[in-house]
């Protein structure tokens, strides 16, 4: 196995609200290999964006890195000086935000915004920047004559492509894409996802893809990281994790997901709602909704353990995973949590 | 858990219902500045209410010294006049105290009128749209073209000089700001899903306005109302200064005018023209402070 | 509507020595013997032809007088507003940057307070301190006594003029800076929260780029629009300040015309101020359209 | 009652219904650039009693607009919208009140569809008040409606405010409000798109069950074919304000006829590791509702467009049990 | 019957601080007599409408007669203000009607011998003191100031009844140092510089300097020849005036007797309605060499003052075409504003900046050429600023100060370079009673109200000591005509007033004053 591009070790991030800390990400650990796409999935509010943003070290004013490290290319992002970090930003780690509309400055043309990055961060001259901008637009499939247009003149899908072009501008090693397709129609979504795959395959760029849609993960990702209420509950190769999940949450997620490819079956919800991160339950945070929860689940925090090779899960009942999986496909199992 | 148990929990009665519906009309107590503003108001309201008790003299009474000469231009403290007397021999302190009455009277009625007219116009225009909107907004455009202070001057000139001119002028012109803002607020509210839901649920327009729109618009009305207090008082002062004021009612603006007309500045009678100016600033700022409190209720993202 | 003002328009002017015939002749000359609605129709008719009528007092065409005074009012208005806006925008951006700090907590109420000051009171205080007291600035007018200038332009470009304008401009500017300041501050705070500003930081752009190129540039848009509207408000402040500082402007003339029941002149001055206000509101709309690509390219 | 829909007159009928919005501000008007957006542009279909139909299409194609016309939140600017034989646009007074109690809408975003100042009880009582249901019956009917949407422990929620409930619970309340007057026809506009995957299924199940139990006629609006398939036996696909295909859902999934439907079906990702990564049979352009192409509005993205598509808008063609609007499927003449 | 609520009208404080003040004081005293007094404040324009043009509708009002130079002759006051023929439309707006008095003032008008005339005028004053048609209050002292380091104090002329702000000062003031411009202030705008338009007080300061007149009122208050070399009464109705030799207009043309005759004809042409009344008594004008002879319709003792000292001499070559043109227009000569006004006076027009300043330049060719170089009038509406400007040297002659005179005097005391001069005015302040409305038709009632306030209190309180108590319309400044006895005989006080009312049959019931037995209120609601 090659050296990972990025290694997260026990990363925790806290928000301060009033005089209380909310741990939005707690002890997150996973690797990102060069030239791979890692899917980060989880329910709303589980800390995906927080985690993703922490890798650029641009967090909300009340956020704090509460511990852990993120080794990127041999350097710990969390420990770098602001100056060094700024050198890293965009040149090595770029970001595609969830809503490209709001992330483009409405008063400058997209061309100007591309040029800004190319000139100010990439050190290009004006003409070089222009050529590069046209190249990037061609790459993402927008006519170059639209460089002079303002963001609001583009459709949602095109803006998302502009954001990709921006992210590519300085040939970064890692692109973090925070729900880049959530707001888009399936057709546009497919086109954007295809583009991300192309990034990886043609340019060898690694991508962390934040999403809540496991079918998106299934379509593009090599690996998947499943988060629940601020913790990583499962991580592994995409195919293995989706076909043979080791964590009950991942199992439940699969049940709840409609599937056009197979016969129209029942959908099964996971009863209950994710916990409030300001006062999470002790033990396994999924325990209150888990049909397989035992007494220890409500007291002891399960660590991330190997299930199979580089497929890990944070569940006390990993050894029984296969049995649980079998029970999990029956929808009655999920009706009344134990 | 049975139904009866929950019914007990539920605060019933009209008051409670109103409170729940119109919970938005809370005072902005979370903001220290707004609290200061409210305290200033309480202070002035007390002063206005108890003016006859606090003020040692009739503010209009011409006073004489013991030697039967006019008690004019006395410095503070002389003969027991706390803030001294005016050139005409009137007690400045008493005028200050009574001035709180006109200030509050003008300020609060102007605020009420502006907020009321503005809200009604804004809600009607925003909610019903169509020609009502067109007509009202064209009217607002016209009102926006009217320079306010000159308008008050003109009004003051062809009505009797009276403190109500300011209120009337504000009613005629200044509803425009409130009206426009409330209209746009209503426009967004009208398209809120829950308002449309109420429509689908069969609620009448009036009911929707009263139950769903008005409570959300009220803080805005209050915001503009509290700003209007300031405008009204300032305008009254300017009008007085220019000589179009009401000579019969003692207001701080009138006092300033009196002081300037009597060359208080050249005489160095700071005790005469500083206090009313200071009080005007105080009460107008208080309105602004409170309005900021409402702004924070309305647009909480502004701070923190 | 002006004709509804009480008091005889010729009061200050009809000498009690006049015979009734002389009075009648005068009334007829100004059309005051006509029924009100007729007078008004005539006025409107003339107005459409660009004729504002003749002042009762000056016996001069109103348009001539009003136009002669307009430049003085405009230059006072714009100088003070520009000063107020430059200061307000910078200070507002600074306070937004410093939000939560002690500076900010002191400055915001202070700024609110400046808006709560009666302008004439402030003007009189400045006059007392800087003119009568220190003698740094002249007490009124636009020029030293007897100074002559070939043109308005020569006057406006003279140092003396600006020296005379300092105090009135300061008075108006102190009152006006609050609006742009508070607006800029809250816009900045809003914009700083926008995704594109966060993105600018993620892009590793310099703080200067983030704050000025992106945040301030966007926050400035509504402030610029408010400038045009503030002109409308400012011209009102002029009414008072022109009186305090003996400034030969439109506002002062209006006050005088109203108090002497010189309807045509009052009407003309009011109209002229209204025209400026309306023009400025129009400019505000156009400016916004011009500055905000979202509107321009819709 | 499988496929045993009432064979009588349709409950809902749209006949060339149009909803056009004027757009462009003052500036645009001055420059003569102001136009209309044809959000719905000549849509015709019928719903029989008890039928459940999915309305599918990409963002901005006019799904919501169609739904709003059906419940008369907007009045059709052309064509006819009929409910139970009556023209919906013409309803006023008592007739409108009656209509309001028979037709309901379930909103997309449960977080916005409830007045934050109202308790759940207030929310649910509002339709009852409007329908002049005696106050004494309110409690019981509210509890019944909440039971219907599987909020069994109703008492716990009654006096809470919306922000104290989770998204899934809120969406059920929204549903309960729509169902409390026992309507005959319900329009559900993307009722689960704002919800987390894990709770979505629950809400969908409730919707499906209630509909079946109460024999409610329903339109389910979505851009997600997988979801539509889960709740609707018939699907109508829209593109730029027009219908492109209308037929049984399973048939459409298995064998889409219109090129757009084909692309749509192919684009839906599935939660399986192995799936086709074949390029989509569709151009990259995005539709502009203000300025749609002439003839067939899909032609600029259609891989199989030919000359005729530019000149003539395709009319409805019946292919087996389906209706397709495409020149490719017109009988050769 | 109870006496109805009495209205007392006054002008706003901002406009007339002293007047506002004394009405408050008087109202307070009248209330002590048991009257219900309502003080009504209205601006001048409104007041003139409510009083002058609606003569039946008011009770009492504060009023003022200003001291114009032509009022140095008592005729305008004693005749116009009280003669019964002017009660309908003219000056006698109070409706005073006393045939005895009418006879007296008619007599003085045609009595050309000054001493004889003086006795009649004094008798008239005594009659007024007895009748108390008005509540006379005071002759204010006009207070002006100037900078003694700029102007030689000895050359500043204090004109009787007018003060130091007068043409004689402007001609004679001698600069002491580098500053040679008279820089003075006015709180009012200059409305027009037109010799045929009586436009406003301030404007006349300018016309008096730019234009010559045949006669001028001298520092002593009596008319003296100016552009006239001399004058001579030929008979009761004929006067011959000899024009000074060698005068020129500012444009270089000579001043001719034809110009003079034209000036009087223009004033009477109908195109200068405001000057019309001042030439109304002229029947005919004839020219013989440098002599101009005026024939009058009736004997007129005040002719020297009211006409010869009033009419501006204007160049025929400029104004004849103007008048001719105006005859064809629906405007009149008052609307005509010369680009550069041309007169023959001691100052020539320099420049005029709208609402800001007027500059006049010394006419060195004039026989009475001024010592100063320029005369610069600054318009300063803010009274407080005017004084500040005097102190800072921005102006060197404070020629207008509507505010509190004590402030000026205090400033002068403080600053050795400033001198303030107060002069008793010809004009006066009073409260007018409407004789048409009971109870003001009762002289006893008027006397009592008038006696209720000690004038010294009013002088002290309202005028801050800068006025002299008055009981006569003829100012002590006109020493020749003034009847001191009327003032000295005056007694006042609230007790006295109460006694007078009681004696006349009025009574106080429940604190309210009632008419005497048998008299009923006809005007109450």
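Per-chain residue numbering starts at 1, and chain names A, B, C, D and E are given in the order in which the chains are listed.
Assume a residue touches a chain if its C-beta (ideal position, glycine included) is under 8 Å from a C-beta of that chain, and two chains touch if they have at least 3 such contacts.
Remember, predicted model here, so these are calculated numbers, not experimental data.
S.K.: Once the contact rule is applied, which chains count as partners of both chain C and chain D?
M.R.: A, B
S.K.: Minimal path length between chain A and chain C through chains that touch?
M.R.: The fewest touching-chain steps linking chain A to chain C number 1.
S.K.: Indicate the lowest number of steps between chain A and chain E, counting one step per move to a touching chain.
M.R.: Each step joins two touching chains, and the minimum needed here is 2.
S.K.: Would you kindly say which chain has the C-alpha centre located farthest from the C-alpha centre of chain D?
M.R.: Most remote chain from chain D, centroid-wise, comes out as E.
S.K.: Centre to centre, using CA atoms, which chain is the farthest one from chain B?
M.R.: So the farthest one, by centre of C-alpha atoms, is A.
S.K.: Counting in whole Å, what is the centre-to-centre distance of chain C and chain E, each centre being its mean C-alpha position?
M.R.: From the centre of chain C to the centre of chain E is 39 Å.
S.K.: Just how far, in Å, is the C-alpha centre of chain C from the one of chain B?
M.R.: Chain B and chain C have C-alpha centres separated by 24 Å.
S.K.: Using the average of all C-alpha atoms in each chain as its centre, how far is it in Å between chain B and chain D?
M.R.: 49
S.K.: Multi-chain contacts in chain A: which residues touch at least two other chains?
M.R.: Touching at least two other chains: none.
S.K.: Would you give the residues of chain B that are in contact with at least 2 other chains, written as numbers and ranges?
M.R.: Answer for chain B, listing residues that touch two or more other chains: 157, 241-243, 260, 265.
S.K.: Among the residues of chain E, pick out those that touch two or more other chains and give their numbers.
M.R.: Expected reply: 42-43, 384, 388.
S.K.: Can you tell me which positions in chain C touch chain E when the two form their complex?
M.R.: Going by the criterion above, the answer is residues 6-9, 11-13, 15-20, 22, 25-26, 29, 54, 57-60, 65, 68-69, 124, 127-128, 131-132, 135, 138-143, 145-146, 148, 243-246, 248-249, 252-253, 256, 259-261.
S.K.: Applying the document's contact rule, which stretches of chain D touch chain B when the two form their complex?
M.R.: Its residues touching chain B are 71, 73, 97, 100-101, 103-105, 107-109, 112-115, 117-119, 121-122, 126-127, 130-131, 139, 143, 153, 155-156, 158-159, 174, 177-178, 181.
S.K.: Taking the touch rule as given, give the residues of chain D at its contact with chain A in the complex, in rising order.
M.R.: Residues of chain D touching chain A: 58-59, 166-169, 196-205, 223-227, 229-230, 250, 253, 263-265, 267-275, 277, 279-280, 282, 284, 286, 288.
S.K.: Of all residues in chain C, which touch chain A in the complex?
M.R.: Of all residues in chain C, those touching chain A are 194-196, 198-206, 209, 213-214, 217-218, 221, 291-294, 297.
S.K.: Taking the touch rule as given, give the residues of chain B at its contact with chain D in the complex, in rising order.
M.R.: Touch list, chain B to chain D: 1-3, 5-7, 9-10, 20-21, 23-24, 192-204, 207, 211-212, 215-216.
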